[in-house]
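Note that the chains take the letters A, B, C and D in the order they are written out, and that residue 1 is the start of every chain.
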Amino acid sequence: MSSLIIGEKSFTSRLLLGTGKYPSFAIQKEAVQVSKAEILTFALRRMNVFEPSQPNFLEMLDLSRYTLLPNTAGAKTAEEAVRTAKLAKASGLCDMVKVEIIGCEKSLLPDPVETLRASKMLLEEGFTVLTYTSDDVVLAKRIEELGVHAIMPGASPIGSGKGILNPLNLKLIIEQAKVPVIIDAGIGSPKDASYAMELGADAVLLNTAVSGAKDPVKMAEAMSLAIKAGRLGYEAGRIEESDYGVASSPMEGLFST
Amino acid sequence: MSSLIIGEKSFTSRLLLGTGKYPSFAIQKEAVQVSKAEILTFALRRMNVFEPSQPNFLEMLDLSRYTLLPNTAGAKTAEEAVRTAKLAKASGLCDMVKVEIIGCEKSLLPDPVETLRASKMLLEEGFTVLTYTSDDVVLAKRIEELGVHAIMPGASPIGSGKGILNPLNLKLIIEQAKVPVIIDAGIGSPKDASYAMELGADAVLLNTAVSGAKDPVKMAEAMSLAIKAGRLGYEAGRIEESDYGVASSPMEGLFST
Amino acid sequence: MSSLIIGEKSFTSRLLLGTGKYPSFAIQKEAVQVSKAEILTFALRRMNVFEPSQPNFLEMLDLSRYTLLPNTAGAKTAEEAVRTAKLAKASGLCDMVKVEIIGCEKSLLPDPVETLRASKMLLEEGFTVLTYTSDDVVLAKRIEELGVHAIMPGASPIGSGKGILNPLNLKLIIEQAKVPVIIDAGIGSPKDASYAMELGADAVLLNTAVSGAKDPVKMAEAMSLAIKAGRLGYEAGRIEESDYGVASSPMEGLFST
Amino acid sequence: MSSLIIGEKSFTSRLLLGTGKYPSFAIQKEAVQVSKAEILTFALRRMNVFEPSQPNFLEMLDLSRYTLLPNTAGAKTAEEAVRTAKLAKASGLCDMVKVEIIGCEKSLLPDPVETLRASKMLLEEGFTVLTYTSDDVVLAKRIEELGVHAIMPGASPIGSGKGILNPLNLKLIIEQAKVPVIIDAGIGSPKDASYAMELGADAVLLNTAVSGAKDPVKMAEAMSLAIKAGRLGYEAGRIEESDYGVASSPMEGLFST
């Protein structure tokens, strides 16, 4: 399999793993290791980088081994998102940022207007910008035209586990994109992750599907394999679908003549 | 992962691979190796075991390393299926047989009446019997009640690549079964194989999805990984689905108070 | 729209309505009227035809206006089903009977073996036989070959409201059938009934979707319209699906040149 | 059924019919009549209102009987859309306008940025504005917040006949909306139209599904019935779905005790 390239960095793994809501730091650590993820995401709000007296929820991880991708979750406007990202950069955490601006508290779906504005502003500040967006095809194009380094359309609402609600839109987004497309949000099980990759996505970002599984470590391994399977399946070129049967064995019997 | 046990044999791999219709014997051989399958299926009709002057289409494989599972494809009645299976046994090929009696040339879907009869007759002859059937839930129960060693419901028509048309029926079959359930027929891509395993299937049988892919060797690897991913995902216990979003990151911003 | 012909009878309506489980006899009566159904189904077991001292749950209906289609629900074997049907005939209730033999108490899915046997026996007794079956394509063919007057494949488990789980199987059954195909069981809402008809079904049988709705009378009307809509849609010939957009309006603007 | 109210007007029919691409003016006229639509849509670009020497493609219709809803198809920017709409208003055609700004020639999906801008500008000009948009949930909210009189999310790409790709998003849009939600684009057959209404939509806009059917007049009738069926089904309150069977007939047989 080829590498995933985002901005100026190159990655072997096509799984980006979120670090939120694991049952314990120990399970978080083991799930991260087993997943073989090279990029870890987290909410800047949760990272107590700004409050050194508090426990740092990434403290058990050897952060030098990972690329950190903080997100701006909690921000409701572009300005809030930019301030969050700048603080993260100032503290030496990262140059990459995931724009995540929620526009609806119930569905946790992203706000297109503030997402566009925040992406533009962060690019002007020199960030490597990955933008979480809905699966709106033209919106994804408009975001890409700003110059972002990756677009991250959601498969379904964050944490919903609904999987890929609209594979056609994702396929259209992937077809038109010239930067990496990372399917983000809504993945529920390995089949969903594999499907995302089979559609031609460059990577998948997961959090709740792993951290919320009964056995997060085992699910981390499952997802790691599923993403590889999906990528290989995409590269291998699947068979066409047919409404009728297509024999793999001969239809005439040994004795039928 | 635990082992797959069929009859008196135990297997590590949960992928059964068909040997028909590869572009070449060399590709067939490599795909078989990469897939890590331990059980190979083939149509007795195609195997020139009965015509030694003809090339044997399994000849490049070291058959001592595999369990062979011949199928009765081509038989249209129970009697034809039994005669085929007995010849295979007499030639020392195997004790296991996959009952496959097609009832419709267009859809290649199985005949429930002859399938039941053939399964019963082959059990009486002492075979280890694995029965290919539709996803009819009560039919699967009736077949199991005969004493078969595994039931093999189809996901969709043979070679169609449609994937799992009716996950509910497969789930009901798996829930009620006390023998292994092997999803057979219709799998199109890794996501389908993973899904079958996530539903709780014990194994997946593939042929066209691999042999008909643009790159069969790569697809064999993809399927091998997908089946592991699906099994691990099943064991790990996936998250519940929700219609609304469930936050993995905090909803209040750094600056929102 | 053309007529529905079953055995020697001809019907204008393509909705068969079940009479079980309405909130009251008055609502049952009104729903039946609004539905414009000409064939009413009921379980012989529930009809107190054999116990005249008990209230007859069809008593508010002017039965002379309807064709009655009793079913054999409750029978677990062909013999039980035949005895039930003969009693109904002896009491002058009907010549038509719906074979319904449940093989699984949990899923309420039909037993293929007893269903085949009962259909054969009832045909030999001279009944007009309509057989409820799974969506197993070859099983439907075997049932039709017995000489039944209609086949009634289920869309999903009785009362489940899951709609059409496997449209491909229903399409294959409809394509091969020379007798009417009546989709029976599992319909949940008008879209499902319309879909069944769009696939080319001759009629739809409903019960729980109407009787269990919050407003059964309004739902009866909805279903009546949906079945007409689906039939007309089938006859009208729908557009092909396309993955990309197909303009109905011009793409060049008034001012764009 | 209650009335559909858009701006200051009230309608009995919940079907809005497009007037483009019929095989002939005569068929267009008959389809319009049979559909019972009260609102007709057309592309201003196609209407030769600006070129009186050309045949007017609506000329066979008695326009006084219909509310006309011109759309801005062909416009690629808000400014173009506004100019088109103002010309239509000046010629006395209408006060209502459907904002339709395509952002991708291949998928014909709408441009969120120009759509927002055009909606705002047309509201400021005093139009009754109905806005065609993707099924992006927060985008629909932002459009509604501008003060538009209806939002028109697409079910799938224009003319694709794919039906409803993402029912969850449509449901979320409908739940949050305080103005009418009209499902627009992608409907392929009556079941899709019924489904849109069952989700709680206020109306459905169709064009290609009718004009492109083999028999557009019959399909117009089918769609008219399906939309009524779906609305009644929504009002009637459908049954819950269940994974297992729910008996409408008794499970114990007449003879089983």
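In this section, a contact is a pair of C-beta atoms (placed from the backbone, for glycine too) under 8 Å apart; a residue touches a chain by one contact, two chains touch by 3 or more.
All figures in this text were calculated on a predicted structure; none of them were measured in a lab.
A.B. asks: If you average the Cα atoms per chain, which one ends up farthest from chain D?
C.D. replies: B
A.B. asks: I want to confirm something about chain C and chain D. Since they are copies of the same sequence, is their interface symmetric in residue numbering (over half shared, so same) or not (under half, so different)?
C.D. replies: same
A.B. asks: So, what's the distance in Å between the C-alpha centres of chain D and chain C?
C.D. replies: Here chain C and chain D have centroids separated by 32 Å.
A.B. asks: Nearest whole angstrom, what separates the Cα centre of chain B from the Cα centre of chain D?
C.D. replies: 46
A.B. asks: Hunt down the residues of chain D that sit against at least two other chains at once, touch-wise.
C.D. replies: 104, 106-107, 109, 157, 162, 168, 243
A.B. asks: Residues of chain A touching chain B in their complex?
C.D. replies: Listed in rising order, the residues of chain A that touch chain B are 18, 20-21, 42-46, 50, 71, 73-76, 80, 83-84, 87, 100, 102, 104-109, 157-162, 188-195, 198, 207-209, 211-216, 218-219, 221-226, 228-233, 235-256.
A.B. asks: State the interface residues of chain C toward chain B in the complex, per the touch definition above.
C.D. replies: The touching residues are 103-104, 106-107, 109-113, 116, 134-139, 141-142, 156-157, 162, 165-166, 168-169, 172, 176.
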